[in-house]
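Chain IDs A, B, C and D follow the sequence of writing; residue 1 opens each chain.
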Amino acid sequence: MIKILQPLGAIALTTTFAACGSGSDCTGDYCGTIIIAQGADAESLFPPTMQAVSSTAIGDMIYLRLADLSDDLNTVGDGGLVPQLASSWTRLDESHLRFTLDNRAIWQDGQPVTAADVAFTYSVYTDTIVAAPLAANLDKISNVVAIDERTVEFEFTTVYPEQLFDAAYHMRILPAHLMDSIETTELLGHELTRNPVGTGPYRLHQWLPGQFIELHADTSFFLGRPGLRRIIWQVTPDYESALALVVSEQADLIDNMRTPRHIEQANSAAQLRAVEFASGGYAYLQFGLRDAEDPSRPHALFQDRTLRRALSMAVDRETTMRAVYGDFSTIAVAPVSPLLSIWGPDLPRIDYNRDRAVELLEGLGWRDSDGDGVRDRNGMPLSFQLAYPASDPNRTSAAVIIQDQLRQVGVDAQLAGLELNSLLATIPTGKFDVYFGFYGQDPTPSSIRGNWGTVGIGGGNFGSYSNPRVDDLMDRAIATFDPEESRSLWYQALEEMVADAPAIFLYSPKSVLAVHRRFENVTVRPDQWAATMWTWQVPETRMIDRDKAGS
Amino acid sequence: MTPMLELRNVTKRFADHRLRSNITAVDNVSIEIPAGTRMGLVGESGSGKTTLARCALRLSNADAGEITFDGTRLDHISGNELRRIRTQFQYVFQNPYLAFNPRTTIRQSIAEPMLVHGICNRGNAEKRVTKLLERVELSADLGGRYPHELSGGELQRASIARALSVKPRLLVLDEPLSALDVSLRSQMLTLFDRLRQELSLTYLLISHDLGVVAHHTDTVAVMHSARIVEFGQTELVLSKPAHPYTRDLLLSVPSVDPKHHKTLTSTGQITGHSENTEGCRYFARCGHSMKDEQCERKQPQLKGTAMASVACHHVVPDRESKG
Amino acid sequence: MGRLIGRKLFQALVVMLLVTTSTFFLIHIAPGDPFMPDLSVSGVSAERTDQIRRNFGLDRPIYVQYGAYLKNVASGNLGLSFRSYRPVSEIIIERLPNTIVLTSLALIMDFAIGILIGTWQAWKRGSAGDRFLTVATLTLHSTPVFWFGFMLILAFSVSLRILPGSGVVTIGIYDSLTPLGQLWDRIKHLILPVSTLALIGAGSTARFQRAAMLDTLSQDFIKSARARGLSECTVIFRHALRNSLLPTITLLGLSLPVLLSGSVLVETVFSWPGIGALTVDSVQSRDYMVVTAIGLVSAVMVLAGNLVADILYSVADPRARRKP
Amino acid sequence: MRSFRWVPVTLFVLFVVVRAGRIGDLLSTGTFVEQTLVALTFTLLAAIIWLTITPWPEVLSKFFKPFDVRIASLVLGAIMILAVFAPIASGHHPNTQLDLVNGQLLPPSLAHPFGTDFVSRDLWSRVLFGARVSLMIGVLAVTMAITIGTMVGMAAGYFGGWVELVLMRLVDAGLSIPRVFWLLVIVSLWGTTDIYVLILIIGLTGWFSTSRLVRAEVLRIREEDFVVAARGLGISEAGIVIRQILPNVVPPIIVNATLGIGQVILVEAGLSFLGFGVQPPWPSWGTIIQDGSARIIAAPWIVTVPGVAIALTVVSLAILGDRLQTTLNPRDSAQF
C-alpha cells in the first residue's frame, strides 16, 4: 500500500511546487529564515512577566538589556559583561554605577533610547502590582536616576561584587515614551504586550496565537545587521509534533532535546545536527509550604520538615534520571546547576535511602491503618497533588516514575498534568502541594536567593520557603568579594537549606538542540541558547525555499 | 325505559399539527342507549364511530356536550370518582393485540383491574381469572402467556374477559370481529349473546358489517362524516333506509351478487372536514334524484320519531308516513 | 414559514438564555472562585489582586455580576480574558473563521459521502458491497476521532510525508506564494483534519441514510413507480432520494454539536487554531471569561444550524409547506 | 424460559468469584470500593440484557442468529472476560515499571505482546486493566444518565404542560452545547482527578438525548390502546405510568444504553486524551492513547492498540444495540 502511494506523493509534491513558483525571491547572505518548532505558545511579550523559556527567547530578540553576559558567563565585577544598550559604564563609588547609553540605539518606532526609559523600566520591574518574578534580584538597587538624556545612575543599598550584573542583566529596557502614560494595572494586558516596540535586532512581524510568532530583522540594527532575515516560532500541540516538523524539514530547530530517543530521531534526519551544551537549569519537586486553598495558613503536610526529608529520601533520583535522560544529565543534589561556579561533587545532599524514609514516616506516625496501601495519620491519608507540565514529556515520564517510587513507601502522589501557561498562572500563587519545576538559572549563585530566599516570596520562590539563617548566609555570600569565603558561605547556606528540604532536588539535564545544517556561525550560550541567534546565517549557496521566499 | 347512556350535542375535534388546523371527528352528536338494549353504530371507516364511542366512555375527552351515564354526568367528574364509575362500562378494542400490554401476561392484565378495584385480592385473583377465562371459553393455561403468543380469537376473548372482570353493565364492542377469521365470527357473536343474557348487559356494537348489525342489535345509528345521519330501530332502518348514505351502505354489503359490490371510500383516516361545513356532507357523493342547492348550502338536521329519524332534506316520503 | 422561523428564533433565544445562565452559575458555584485566580501569596500583591477584581467587577454580589454579564452579552461585549487581558470577542473572532472553515467543509464532505454511500447501500442492499460498507461505516462511527487523526498523521505526514499534519498554512513560505499557490497550500493543510472529522461523521450519516432510503423504498409510491416500469436508477434518484433526504436533514441539525465536540479534539491533534483548540487552552488555563463565551458561541452555531435544518426541511417537504 | 435462570446464577457466581478474588489475589489492584464497582459493572451489564430478554426466551436464540451479532458478542465477551480476569491474564501489574533503564518503549514481542510504554510498563496489562476502567466508566455513567434521562423524559412526556416545557428547553440547552465543552468546563472547574467524580460528571451530562427519546416514547405509548384500556379499566395514573408505560419504554432505553456505553467510552477517551480524564498512573484506553501520543513516532503501537480496542468494543456494542433494537419490540419479534 505504502509503495503504491509513494509515487502519488511525489506527484502531489511536484504539483505543489509547480503551483507555488513565486515572484520576488530573496537573494544574498542575509536571507536566512529559521523556523523554531516549539510545543507551547508564548504567554505574553511583556518582559517583566515573561517566564517560560519560550517567551524569554523571543523577548530577547526584541528587547535589549543594558549589557549582556559574555560567552564566559562571568557575573562578578565590573568587567564581565558586554555592552548592549549601554555603550559603557563607570563606577562612581562602591554603591553607585553610571551607565552611558549607546547614542545609536533607537526604539523600533524611531525614538531614541533615553535614560528615562531605564528609570521607568526599573520602576515597572519593582512594582508589586506587576509582581515580576525577577524583582527579587533587584532588591539591592535602591534607586535609578536619569542624569541626562543618555546617562543613568544606579544606587545600591549594599556593597557586593555583582552590582553590575544585577543592574544591567535582569531588566529588558522598556519604552517609557509609550508606556509611562499607561496605568500599571492596564499595562499587563495592553496592546504593547502583544505588539511590542523594542530596541533589539528583530521586530515582531506577526503573532497568530496558537500558530506562530514571526520576527523580521531590523537591517539597520545598531550593533550590526542580523544574520537571519526572519525568525519564526511555530507552535505545535506537543513536543513530539515539534520534533516531527524538524525531522521532516518543515522546521529548522528544536531545543530542549534531552533524551537519547529524541537525539536518535534527530540524527536519523540527514539535514540536522545536534548541538550539545551545558545546562543552566535543574529540575526539582517543590513543596508548597502554604496551604493550597488558603495561602495564609501553613500546608497541612509539608510544614513538617521531617516529612519533607523523608520524601526526599524516598525518591531514587539516579534511576529516574537514567530512565528519562539516559546519559544526558547529572544529579542535582541542591539548587545548583553545573553552570555555577559553586558546582562541585561535595555539595550538601540528602541521599536516596528508602529504608530510612520508611523509618522516618513510621516515626512521624504515618502508618497504613486501613490497608489501602497509603499511609495515614488521624484519618488523614498521606496524599497530595503533584503538578507538572503535561506538555513536557520528560517531566511527565519522571512524574510517573516518582509517583511509583513514592507509592512504594506508602505515599500517594496524585499527578496533575497542567498546560504550561496554566502552570505559570497557578504555581506562582503558591496554590499547589508539590510542583515539578525546572529553573533555568542565571549563571550566578545569587540566583538561588531569588528562588529560595525569603525575598523571593511572591516572586520566584513559589513554595514560600523561608529560613532567616539561610537568608543571612546567602546575603553574606553575595556581599563578599573573596571568592573562597563566598563559596564557603554558599555551602553553609546550602547545607542548611538542603537539610530543610524545601524541595526534592532532582537532576540537571544537559541540553541538546537540533538545528538544520545550512545555518552557519551557530553558537549557543548555555544560559540562553537563543542569545546569539541573531548572528547566525545561511550562505546563499545553501538556501532552501523558505530562505528564498520573499515577504 | 331510562337511558343507560345519554349523549347530548357531543363534539370532538383533533388538532392536526401538520396542517395546523382542527379536524372535527364528532360533530354535535346526540344519542341515547336505553338499559338492556343493543345498539349498533355503523358507518364507513373514518366516520367517527370509534371517537364517538371513546368520548362516550370518557376514554377521550369531548370538547363540548353532555354525557350522562345512569344519571351521572361523566363529563363533570374526574379522578377517583371517574375511576370508580369506570367499572360500570367497558370497552372492547378492535385490535386485541394493541389492547394488551405486550410486556405482561394475560393473567396479570386481567387481574390488575380487579386488584385495583378490590374485586379480588392477591389470594384469590388466580381463581377469579380462571373463572373469567372459562366464561369466555378459554382454557386457564392461556393465562400465563403473553399477548403475542395467542391467536386473534383467543386474545379477543381474553379482552372480553378483562372487560368483564370489573363487572360492567354496559359494554362497547368496537368492531370486535374485524380482526378475526370469518369462521370464528359466529362463535364470537354467540358468545356475546350468551354473555348478555347471563350478565344482563347493555351493548353498543360498532361495526361496518350490516349483516351482523341486522341480526344482533335492537337499534342502529348510521354515522357519516362526524354526524349521525340516520337513527332508528334496526329492522326499520335497514329494510327501508331513508338516507341516501344508508342506502349506499346497504348496497355495498358484499351480498350474494358480487357485481353489486360497490366500494365506499376507505382511507383509514378521519375524513372529517375542517372547512366547508355549510352544506350536507354527503352532497358530493349523494346520488339522490332530488339533490339541489339547499343540500349544498344548508346542513340537514336529524328529524323524525323515536322509531326512526334521518338527517336529509329530501326524506323518502313513504318512510316518513310509516313513522 | 415566517412564523415558523419566528417561533424557532424565540425558542433559540430561550435556549441561549438558559445556556448563558447555566454556564455563568456553573462557573460561579465551582469551588475556589474560578473567576478569580487568586494572586495573593502571603499578601504580597494584594493590591494587584484587588485591582483585578475591581477591573473585572468581581467585587460585586453575584446577581449584580450576572445582570451585568447578561447586559454585556446582549450588547455583544463578552468581557476581557483573564489570561491575556484582551477582549474575549477579539480572541474568538480571530479563531472563529478557522473553525467555521474546518467544520463546514467537514459537514459538507460528511453528508456528501454519507448520503452517497447510504443510498448506494440501500440500492444494493444485501450485496457483499453493502455488507462490507455496513461494517466499515459502523467501524468509522465507533472510532475515537482523535485517534483516527493520529492514524492519518502517522500514515500521510510521518510515513508518506505527502500531507502536512499540523497548522493552517506552510509557515515561512506562505506569504510569498501566488494566490493559487496559497489556496493550494491551505487546501493541503485542510485535507487531513477535514477528512478526519468528515469520515468519522460520514460513518453515522451513511448508516442513517441507508435506513431512511430503505424505509422510503418500501413505501407504496416507490412500488408503483417500479410497477410503472421506471428504471431502477430513476426510481432511486428521482423518487426515493428526495424523500429519504428528509430525515437526513434533521440529522444535519443534530450532528452539529457532535461535529463541534469532534473539532475540539481534531483541532488539538492537528494544532488547528480554531475555537476547539481555544476551548482546551482556555479551560486548561482557567480563562473562564473565554470559556463562557465559547459556550455561548457554540450554542449560537448549533442553534443556527438547527434553524437552517428546519428551513431546509420545510423547503424539502411539501407537506410542511402546504399550510402557513 | 426456565432455562435462562442460569444467567443470574452465573452472574452471582461470577460476582462471588470476583469478590473472593480479593482474598485469592485474583484482583490485586484497586481498593475495596473499586473492586466492588468493577464487579457491579459486569453484573449490571449482563443483568440488564437478561432482564430485557426474559419475557421472550425464544428471542434469545434468534437474537444470536446473524453472523455479525455472534462475532460482536464473542468480541465483547472476550473483552469482558479478559477485563474481569485481567489480574490473571495480564501477567504484570499494569502500573509496575518493569525495567526503567532498558525496558522502555519496547516494540511488541513474545514477552510483551503489545510492547512496553515510556516507563517500561507492560502494555498488554495496561490495555486489559484499561478495559476495566473504560467499561466501568461506560456502564456506570450510562446507568446514571439513563436513570436521570428516563425520569426526566417520563415526567415531561406524562405530565406535559409547563413541566414538559421547562424540562425540554433545559434539554435543548444541554444538547445545544457540545458535550465535550460541558465536560471540559466541569472537570476543570472541579479540578478533579477522581474516577468516580468523572463517572458522575459524564453521567450528569449524558442524559439529555435519553430524556428526549423517553419523552417521545411516552407520548407515543400513552396514546396506545392498551394504555387507553388500562385507563378505561379504572387503573390510576400512577399505576399506568409504572406498569403500562415504563415497561414499554425499557426496550428503547436498553438500546440507547447499549449504544451509550460505546459513546461514553469514546467520550472518556477524548477527555483522557486532553488530560482531563482518568489520571495517571491508572490506565484507561484514553490515557494510554494520551501517553502514546507523546511518543507517536518512536512507538506508534502504544497509540494503535488501545484505539483498536476502543473501536472493537464500540462496534460490538453498536451491533448488539442495533440487534436489540430489532429484537426487543415484542410485536415485531412475534413475526421474525
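Just so we're on the same page, a contact is a pair of C-beta atoms (placed from the backbone, for glycine too) under 8 Å apart; a residue touches a chain by one contact, two chains touch by 3 or more.
All of these numbers come straight from a predicted model, not from anything done at the bench.
Among the pairs A-C and A-D, the greater number of C-beta contacts is found at A-C.
Ranked by distance of CA centroids from chain A, the top chain is B. With each centre defined as the average position of its C-alpha atoms, the distance from chain A to chain C rounds to 38 Å. Chain geometry summary: the mean Cα position of chain A and that of chain B are 89 Å apart. In this assembly, the C-alpha centroid of chain A lies 45 Å from the C-alpha centroid of chain D.
Averaged Cα coordinates give chain B a centre that lies 49 Å from the centre of chain D.
Shown for chain B are the residues in touch with two or more other chains, of which there are none. Residues of chain D found to touch two or more other chains are 191, 275, 293, 296-297. Counting partner chains per residue, chain A has residues 244, 419 touching two or more of them.
For chain D in complex with chain B, the residues that touch the partner chain are 55-56, 224-226, 228-236, 239, 243-244, 247-248, 250, 330-331, 333-334. The part of chain A that touches chain C in the complex is made up of residues 2, 5-6, 8-9, 12-13, 15-16, 19-24, 33, 35, 43-44, 128-131, 185, 188-190, 193-194, 208-212, 214, 230, 232, 234-237, 241, 244-245, 248, 250, 290, 293, 295-296, 418-419, 421-422, 425-426, 428-431, 457-458, 464, 545-546, 549-551.
Those residues of chain C that touch chain A in the complex are listed here as 32, 37-45, 47-48, 51-52, 55, 80, 83-86, 91, 94-95, 157-168, 170-173, 175-178, 180-181, 184-185, 188, 268-271, 273, 277-278, 281, 284-286. Listing the residues of chain D that touch chain A in their complex gives 31, 95, 97, 100-101, 104-105, 118-120, 191, 193, 275, 279-281, 293-298. Considering their complex, residues 238-240, 243-244, 247, 261, 265, 319-320, 322-323, 372, 385, 390, 393, 396-397, 399-401, 403-404, 407, 414-417, 419 of chain A touch chain D.
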